[in-house]
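Two complexes follow with subunit A in common, the first pairing it with subunit B and the second with subunit C.
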Partner chain A sequence: MIFTSFNFLIFFPLVIIIYFILPEKWRWKFLLISSGYFYINIKPVYAILLLLVISTTYIFTRLIDATDSQERKKTFLLIDIILTLLPLFFFKYYNVVNEATFNLLEITHLRWPLPEISWLLPIGISYYTFMAIGYSIDVYNEEIPAEKNFGIVALFLSFFPLVLSGPIERAPNMLPQFKGKLIFNYYKLVKGLQWILWGYFMKLVVANRVGMYVNAIFNNINEHNGKSLFVATLLYPIEVYADLGGYSLIAIGCAKVMGIDVMQNFNRPFFATSMSDFWRRWHISLISWLTDYIYTPLAFHFRRFRIWGIVIALMITFILSGLWHGANLTFIVWGTMQGIFLSIEALTNKKKKAFVRKYNLLQKGWYILICSVFTYFLFAFSEIFGGASESVTAGFLTIKKIFTDFKGDVWYENPSMIIITSISIFILFVVEFKAEYYKGQFSFFGNRSLAIRFLSYAFLVIMILLIGVLDGGQFIYFQF
Partner chain B sequence: MTNKIKNNIYVRVLIKLVLLFGIVFVVDFSIGHLLRYLYFSQQSGNLYRTTYSLEKTKSNLLIFGSSTANHEYSPRIFEDRLHITSYNTGRDGTSIFYQYAILKGVLKRYSPKMIVLNFDLEEFKKSPASYDRISSLLPYYKTHPEIRSIINMKSPEERIKLCSRIYPFNSMLFTILVGNTDFNKERRKDFQGFVPLQKMLNKELDSGYYPEYELDSNKIKIYRSFIHDCINANVKLYVVCSPFYNKLEKFPNSIILGQKIAHENNIRFFNFLNDTSIINYPSYFADRNHLNYKGAAIFSNKLIDKMINEEDDQSALAK
Partner chain C sequence: MTSKEIIIEKLTSVFREVFNNDQITLSNEMTAKDVGSWDSLSHMLMIEKVENTFGLKFKLREINKLKNVGVLIDLIENKTTC
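Showing the complex of A and B:
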C-alpha cells in the first residue's frame, strides 16, 4: 500500500475516523496496529525484519540505560548498531559484496559456483534502520532515557506515514508525542490536509509528469542527442524533488492530521544560493542525521587538522551518504562530487564572505539569481550520477553528449507533453517563489477568505484529475 | 462542556469537508461535461480515430493493432487491389486490450468481411503500462457497456474512479482542444486511419536475439477471444507480424505462441519479421520498429499478394 494507491485513500480516512473515535489512551495502540497492518500489506515477510530491528533496539537501549559503566554502555551500543545494520547490509550490499568476492575467488581460481539468490530490498529498511541507530545513540549520549514500553518503540520505528520513505525522525521528538496526549487539533488537521493535497499535486502532477520525459531520455541515452540529454538533466532534480518532497509532505501531513508533528524534509531547495545552503534545504532529515551522528563526531575527531579536518569529515560524510543511496559506483561518484563542492565552499568561505560583504551583493537580485542558477546546475549535473544514469559509463556518456552532440532538435513525444509539463513546473515554482520571497503575502491556503481557500483546494484537486499522471509512478526513494 | 466544544469542532470539520466535496463535485461535473462534449466533437487526430473506429466505421476490411499497424498498413492500397472498403483502426501505444475493445464495438454494429490484426513482437509481454493504457477507452465506458469488462481489467477500482467526470479525460485536455481545430487536420494527416511516417532510418542492420520477457496470461486470453469473436461473427481474420529492422536469430515467445494459437483456430498467420526483401533496406524504415511511407506501401502490397495467393490456394484446393 503506497500513498498514491487507491487503497490508501480508503485506509487513511478510515484510520483517522477510528483514531478520533477511540479514547485518547487507546490511540497510540491503534496507530501501532494500523502501522503493522500497513507494513504487512507490502510484504509480510519483511515485517519480521522490522520486528527484529525493533526488538534489538528496545533490548539494547534498555541495557545501555540500565548500566553505569561507560565501557559496557559502549559495548552494548556497538553490538546494537552492528545487529541493526546487519539486515540493511545484507539486503543492500549483498550483491556487491557477492560479486566482489566472486571476482576475487575467480582470480585465485577458488570459485565454486552455487546458484545465485536474488533479494529484493525490503522497503523502508534504510529509513527505519537509521531511525533505530539514531535512537540508540541518543540513549547512549543520555539525550533521552530508554523507553520502557516496547509498543512505543515499535510505533516509533514502524509509524506508517514515515516507515516507507521517511522523514528520518528522531526519538526525542517522536517518543514524547506518542506517550503524551494525542488529541484532536483543528489547526493541525487543516494544516495536515493542506500538506497532503499539495504533496499529491507535487507527486502526481509534477514528479510523474516530468518523470515521463526524463525516463524516456535517460532510459535510452544512445538514441538521444545532447540537447535532449541537457533538458532531461535539468529536469531530473525537479522530478526527484517533487517525488520525495511530495511523498514527505503527504507523510508529514498524515501525521499532522493525527496531531503528531514531524520534521520538514525540504525547504525550497532550488532557491539555495550555494551548495552548503542547498544541503540545508534538501532531504533535511537525512542530512541532519548524517551531520549529528557522522559529520560532527568526525569533524571533532579531525579538529587538529583545522579546515582540512572539516574537508575530511565532509568527504567521508557525503561518500557515506552516497552509499546510503545505493551500493553502486554511481552513488559513490555522486557523494564524492557533493563532498568536493562543499569542501571548495568551506575552503573559500572566508574570502567569499568578505567579497560579498564588500560589494553588498546579498542585497542584489541579479547576484542571488546567478548563485541560485549556478547551484542548480551543479546539483543537476551531479545528479547524472545520483540516479539519473544507470552506470558511471552512461553518466560520462551523457556529459560527453551534452557538450558535443548538437545534432537534431530536442526530443518530445507530443506538444501536449510539453505544455502540461511546463504548466506543472510553473505552478510548483510560482508557489515556491512566493513562499521564499513573499512569505505571508498572497496566501491561497492560508487566506482569510473561505471562498479563496476552498477554491484553491478545488483547483488543485481538479488539476490532479486533469493533468496528473494517475497510473504507475512508484516513488523514487523507495529503492533506497 | 469540553465534549460539547469537541462535538462542535467535529461538526465544523464535517460541514467544511461536505462543502469542499460539493465544490469539487460541481467543478468536476461541469469541466467533465465540457470535456466530454469537446472530446466527441473532434474531427481529427488519435482520439477522433478511436471514436470513428468504435462508432462509425462501416468498412469491410479493418486493420487492427498498435503503432505498427497504424503506420504500416495503407487502406487505400487494400481498397485498390482487393476492391473492398478499408479503414485502419491502429493506435499508438495500445495493446490487444484496446484492439479487442474496438472489435467488440465494431461487432456490435456490423460484421466486416475481413480483419487484419497486426501482431507485435511484445504482444503478450507482461507490462503494467499495457494496463495503464487501457485508459484511452475510459471516455467510452458510459456509452459502450460491451467494453466495460476490458476497462475493468485496468484496476478493480475503475468504476469508483469513474464517479469523477474529469477522470476519463485525464491528460487529454490539450489533445482534445487541438483536436477541435482545423490546424490539427493539417498537422498530421491520416488516410482512412493510416498515418504514414516520413523519416528514414540510417543504420546498419543488426542481428541477434530479442530480449526474453514474461508472458501475460490475460493478454493471451484476450487474443484467443479476439480470434473466437471473429470466427463466430464469420469474419475472415489474418494475423500479421510486420517487419522489424533487426535480423532475429530466434523469434520471441509471443510470436511462437501467437502463431500456434492462430493455427489451432485455422487462422492465417503471416510472419514478415525476417523478410529480407524489406529488412535489407533501411530506407524503408522510419525507426527500428516502424516502416516509413515507402516501406508501408511495399509491405501492404506484399501482404496483399500473400492474401491473394492464399485465397487462390484455397480456391484451387476447393476445386
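Showing the complex of A and C:
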C-alpha cells in the first residue's frame, strides 16, 4: 500500500499504537511482522523474491565472516552479489536484452517467435537489492560483523517505511538500532509527525499539482509550442523533487516516530551552486551508495591517471546511476550528461576557486544567485532525458522545439490551475529559502509558541485538503 | 627530526598543494570536513600524491579505514618503516 493510500492512513496509526503498547523487546519482531504484512499486500509472489534476497544475503554474509581466507571471502562476496543482482537485472533489463537478442537472431535468420511475457517490476527491488549488496560489502570490508539473527537481517531489508522507495540505508546504521533499545521518545515522535505532514504537503499539493500541468504538456509534445515546453522543462525538477523528496520525508518521518533514525535523502537541492554541490543534496542515499561502493573503488583503481582517473570514475558511476533508473537509452544519455557536468567541474575546479577567491565572489548575493539558477537550468535541461521524455527522439524534439518554436502563448487549462500551482510552489520555496539562509531564525514547526506551531499544522492540513490532489497520483520513483 | 615529524612535514605540503590552500596545518583529528576543497573528487588525488611522495602503495581497504589525518600519518609511518 503506498503512503498516500487510505489503507496506509489506517495501517500506520494501528502499527504505532500496537508498537508502543508492546513490551520493548518484542518491538522489532512486531516491526518485522508488520513489514511482512505490508509487503505481501502488494503482491505475494514478490514477497517470495524479497525473501530469497534476504536468505542469500544472510547465508553469504555469515559465510564471509566464518572463513579466514581472503580468497574465499572474495569468492563468497562475488557469488552473493551476482545472485542478488540476478532478479533486479532480470526484471529491469529483461526486455532490452530480449529485444537485442531477438534482433540478433533475426539478422542471422535464427529467430523462432514465441508469445511475449510481460513482467512487472517487483516493487522496491532496486532499493532492497542495493541495501543487501551494500550490507554484504560492508561485512567483507569488516565495517560490521555478519548478523547472526535472521530476523534482524529480514527486518533490515523489508522495513516497511523504506522498502518501496528508500532512502537506501546502510547496515551499520540500521542493525544496531533494530537490535538496541526501541524506547518511546516524545521528541522523535513529534519530529517524525512533522516530517510526515510536510512530506504529504510536498507530495499531495506540490508534486501532484505541478505534475498535472507538466504531464499534460510532456504527454503531448507535438501539440505544444516551444514556450510551453520550456516552462514545463523548468517545472519538472520541482515535480520530481516534491515527489521523491516528499515521499522520502514521509518514510523518514514514519521511522522517526518509531524512534528509528534514517538518513536524510534531500538537502534543499535547488540552492546548490554547482552540479557537484547539487549531487550532495539530491537523492543523497542513492548517490552516497554509488560513491562508496562504485565511485571510490573505481577512482582508487584509476588513481594513476590523476584527474583523468577521476573523470573515468565519474562517467562510469553516473552512467550506472542512469541505468539504475531503467534500461531506456534516455537514462544513459542523462547519466552521461551528469558525468560530463561533474567532469568539467572537476577539471576546472582549481582555476574557478582562484577566481572566486580573488574577487571574493562567495560573499556576493548576485553571484550565488547566478550559480544557483545556472545549476538549476543544467539539471532541468538534463531531466528532459531523465524522465520527462519517453525516448531520446522525444527528448531531442523537445529541445528542438524550445529553440525553434519559442513563440505563441504558454499553455494552461484554466487560470485557477496557474494560481494553485504557483501558491504551492511559493510555499515550498519560502520554507526552504528560510531554512537555507536564515537557519535558526523564526521557525514554524519549531516555534516556542504553541499557537504558531498548531496554526502551521492546521494551515498545511487545510492546504492538503483544499488544493491537494488526493486520488491516485503515483509516486514517480515507484517505477525504479 | 623524528620520522613522524618528517612525515607530517611532507604530508602538510601534499595537502597544501592538492587542496590549494597554503594555510593548512595538520592535526590528528583533522578530517575532510575541516578542509574546504577536500571532497570525494579530490580525495583520491591526495592519496595518489601521498603514494608518490612517500614511495608506497595503499590497499583500498586501508583507504576506507582512514577516519582522520592521524590514522593516515600512522599508516604512512607503518608502511615506511617496515
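In this text, the second predicted complex is superposed on the first by the 479 of 480 C-alpha atoms of A that agree within 3 Å, B and C clash if a C-alpha of one lies under 4 Å from a C-alpha of the other, contacts with A are read in each partner's own complex, and residues count from 1 in each chain.
Going forward, a residue touches a chain if its C-beta (ideal position, glycine included) is under 8 Å from a C-beta of that chain, and two chains touch if they have at least 3 such contacts.
Computed from a predicted structure; not experimentally measured.
Peer 1: When the two structures are superposed on subunit A, do subunit B and subunit C clash or fit side by side?
Peer 2: Verdict on subunit A: subunit B and subunit C fit.
Peer 1: How wide is the angle at subunit A between subunit B and subunit C, using CA centres, rounded to the nearest 10°?
Peer 2: Seen from the centre of subunit A, the opening angle is 160 degrees.
Peer 1: Please indicate which partner A:468 is in contact with in the superposed arrangement: first for subunit B, second for subunit C, both, or neither.
Peer 2: It touches subunit B, and subunit C stays clear.
Peer 1: Looking at the overlay, does A:293 come into contact with subunit B only (first), subunit C only (second), both, or neither?
Peer 2: In the superposed model, A:293 contacts neither subunit B nor subunit C.
Peer 1: Report for A:429: first if it touches subunit B alone, second if subunit C alone, otherwise both or neither.
Peer 2: Neither: A:429 stays clear of subunit B and subunit C.
Peer 1: Is A:444 touching anything from subunit B or subunit C once the two structures are fitted on A? First, second, both or neither.
Peer 2: neither
Peer 1: Could you say whether A:306 touches subunit B, subunit C, both of them, or neither, answering first, second, both or neither?
Peer 2: Once the two structures are laid over each other on A, A:306 reaches subunit C alone.
Peer 1: Touching A:37, do we find subunit B (first), subunit C (second), both, or neither?
Peer 2: Touch status of A:37: no partner.
Peer 1: Report, in whole Å, the shortest distance between any C-alpha atom of subunit B and any C-alpha atom of subunit C after the two complexes are superposed.
Peer 2: Taking the overlay as described at the top, subunit B lies 38 Å from subunit C at its nearest C-alpha.
Peer 1: Indicate the residue numbers of subunit A shared between its subunit B interface and its subunit C interface, in ascending order.
Peer 2: In subunit A, no position sits in both the subunit B and subunit C interfaces.
Peer 1: Residues of subunit C touching subunit A in their complex?
Peer 2: Contact set of subunit C toward subunit A: 20, 37, 39-45, 47-48, 51, 60-61, 63-64.
Peer 1: Where on subunit A does subunit C make contact in their complex?
Peer 2: It is residues 141, 143, 276, 291, 295-297, 299-300, 303-304, 306-307, 309-310, 313-314, 342, 346, 349-350, 353-354 of subunit A that touch subunit C.
Peer 1: For the complex, which residues does subunit B have touching subunit A?
Peer 2: 6, 9-10, 12-13, 19-20, 23-24, 27-28, 31, 128-129, 131-132, 135, 155, 157, 160-161, 164, 166-167, 169-171, 173-175, 178
Peer 1: Which residues of subunit A touch subunit B once you look at their complex with the stated criterion?
Peer 2: Contact set of subunit A toward subunit B: 6, 20, 184, 186, 189, 414-416, 419-420, 454-455, 457-458, 461-462, 465-472.
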